[in-house]
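One structure, as structure tokens, below. Some questions next.
Chains here go by letter, A, B and C, matching the order in which they are written, and residues are numbered from 1 within each.
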Amino acid sequence: MTIFFQSLLDGLIAGSIYALFAAGLTLVYGTLHFINFAHGELIMAGAFLAYLFMMPPLLLSPLLSGIFAVTGVVLLALLMDKTVFSRLRNANPLLLLIASLGLSLLLQNLAQVLWGAKIRAFPFPLQRGKVFGPVVITSVQITILWVAALTIFLLYLFLKFSRIGKAVRGVADNPVLAKTFGVESEKIIRIVWVVAAILAAVGGILVAADTNLEPHMGIVNLVRAFAAVLIGGAGNVWGALIGGFIIGLSENLGVLLLPIGYKDAIAFFIIILILLFRPEGLFGTRWGVR
Amino acid sequence: MLRIEGVSKHFGGVWALKDCSLDTKQWPVVGLIGPNGSGKTTLFHTITGFYRADRGKVLFQEKEIQGLPVHTIALRGIGRTFQLSRIFESLSLLDNLLISRKTVAGENILSLFFRGGQIRSDERTAREKALTYLNLVGLANKRDQKAGELSYGQRKLLELTRILMLDPDLILLDEPAAGINPTLITKLLSVIQQLKAQGKRFLIIEHNMDVVIRLCDWVYVLDAGTPIAAGPPEKIKNDPVVLEAYFGK
Amino acid sequence: MTNYFLHILVSGEIIALFAMGLQLEIGETGLYNFGHVAFFGIGAYASSLLSLAGLPFLVSLGLALLITGGVTWLIGIPILRLRGDYFGLAMLGFGEITRKIFLNEAWLTKGPMGLPGIPRPSLFGFDIHTLPRFAVFYGILVILVYLMIRHIVRSPLGRVFTAIRDDELSASAIGKNTYGFRKVCLITGALAAGLAGALWAHYITFISPSDFTLNETILALLIIVLGGNWGITGALVSSFFVIGFQEGLRFLPFPDTFGRYIAPVQQMIFGLILVLLVLNRPGNLIKERPASASD
């Protein structure tokens, strides 16, 4: 029973991070209609930039490192859009997908050139967890939970109350609506990249704080994010957030039933199952037959 | 030939078809008209198996065809065109027609390696037929061009001939005259007239009333997913109920 | 030095088989299979395990192809209901799950340790154990597979594949059972990949799960994008270019301290080339979305 509650807690922590990944990915998917494989590298870049600022010679505080890292990732995302994706605005989504695969390969190996393939961890002192009833939680994990919660809350405020935020969600939710925005759409796309990059970077820093970081960490997190996106329905931010928690929980509870080696495959199982049972992926009805 | 009984279909909260019944009976060319968004195309999609109706029956030659896969319905003898014509753009005109047959010997992977001769003769026979149809619509001189190079109107003609290759009993045309120039419309009309004389049957969605009057023997009027009037075209044209549906009161 | 060139030649031949399968799926039919490496892995593991169990090379190879085809037939039932990027993603998932199975079912696959000592091919008593023999034997198989796939592409069957790539709805509206045709395509492509995997295992004589990652699929993707307009021939030719470049880098006399950079730099270059090729829209690998079909 203890292990169940502990897994539940671990699942919630992981889920709060995956929710951030998924919300960003779904905004991009909803607006630009392609699966951005390089989203995983935005996550990785967030983790590595934070690591860079925290380690010698800079030795900045975690908060300051985080802020610089997020800024760096936002610039990276805008650069990717400017140099690659903006030139493919009306192209087949699969072409964009392949371009993003190329970017993903480029960036993860760039990180490997710079930092090596070694698995690293943030320089936090080793901590003893606090015991709450049946579960143990470390202060880093508590920080992760509230940073994730705060980020989600800010995202909520932005999408719900700011004019541009409402427009962003409208476009992501409804591909037909996107056309009516016309001139504004380029601006909306840029905002979407900024928001997605912030979410990816914050999530990447948190996931590295919770576990570790390495140059090829993007793909597995991308897969989790995409599974969550599908649960929520493409373009649906709230759905993606919930999806993130579902993935976090099923990974951590799933290993109670499955061998631990299959943990990373759980998100894939979920993807395949959803794709098969969601009509949107099926014949003709996804964007309608005309 | 084709009988629709009480078909309904909704998308989210919108009923694209609502208790829709119609029957082509003995009329060779039946028209289907109605304002934009009245459910005409949705009805075509439902007949040809792209959509499954929420309620109602679709009977073709007295047999229920709902639930059959799209390709089976096509092979049963219903050919259709799409509102925005769909052709195979990277195939040549000739290949667009050659592919469109109920049985093609060379589409079986095993025959490919063991029955070369049979496949060649099968293709040769089909080629004759395809050229006849290309001549009929005046596209024979472009037979080896990629279909993607055709103009909008030519695409529509190609799409029609592609269906003819299947020898369907009933042909559904979704706005065949929309967006093409008068010369091509004349050509299209004469082709349809010729086919009608050969005994082909049609169900045609069309906004152009001149075309409807010249072609159709009977017309159904759809509004908000329900037939609101039916009759010979001359009569329908001046029916107050129909005018109201189009122009409001 | 000759050995070195022969090694590149043999590697190129194996990857060419792998890439031609993907070209048939993606390039000719529009099946965006991002899990192509799974078939490579299944072919490799099946043939290795069977021949390690003592079966003769040709029997193991034949059974391995049968297994690859059977698995493809089976997973095609659910996954071929999907299209476009969703199909690609589900296949990517299948590829990763396959790798996890290689990794975790140690009773069968020895897990992360991999399978050492895979027997070299032997044809009716004639051993293929030297580089020149490998190059010739595998070369003959490549030419055979190339001719077969080209025959398919140019046949009425290939015409249906093109039609499905252009417009699947329209193909079903003229009576084509598109599910069946896509399945035939996927199985044919999978067999080419399975053959490549098996040949690779019997050449290298050691396989482990880390050989079957998404990177291999991306490599094949790069090859077919590079092949551009030239279809199956393009895939064949560019396989040798890409493998030549990849293996060539590895053998250049870099100083030792530089060694750890070679692999990632080469992957970076592949990523960059892929992006540049897409930006310059190579041929008709991927059709532009026609203006009318988007609404």
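Convention: a residue touches a chain if its C-beta (ideal position, glycine included) is under 8 Å from a C-beta of that chain, and two chains touch if they have at least 3 such contacts.
Given the structure is predicted, the values throughout are model-derived calculations rather than measurements.
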Chain nearest the global centroid, as defined over all protein CA atoms shown: C
Chain whose average C-alpha position is farthest from chain A's own: B
Cα-centroid distance, chain A relative to chain C, in whole angstrom: 30
Gap in Å, rounded to a whole number, between the CA centres of chain C and chain B: 41
Distance from the mean Cα position of chain B to that of chain A, given in whole angstrom: 46
Two or more partner chains touched - positions in chain B: 50, 82, 84
For chain A, residues contacting two or more additional chains: 284, 289-290
Where chain C touches two or more other chains, by residue: 169, 287, 293
Contact footprint of chain A on chain C as seen in their complex: 32, 78-79, 81-86, 88-90, 92-94, 96-97, 100, 103-104, 169, 214-215, 218, 221, 225, 260-261, 264-265, 267-268, 270-275, 278-279, 281, 286-289, 293-295
Contact set on chain A toward chain C in their complex: 34-35, 84, 87-88, 90-95, 97-99, 101-110, 112-113, 116-117, 176, 215, 219, 223, 226, 259, 261-262, 264-265, 268-269, 271-272, 275-276, 281-284, 286-287, 289-290
Chain B to chain C touching residues, read off their complex: 48, 50, 69-72, 74-75, 79-80, 82, 84, 86-91, 95, 98-100, 102, 104-109, 112-113, 119, 123, 162-163, 166
Touching residues (chain side chain C, partner chain B) in the complex: 148, 151-152, 155-157, 159-160, 162-163, 165-167, 169-178, 181, 184, 188, 284, 287, 290, 292-293
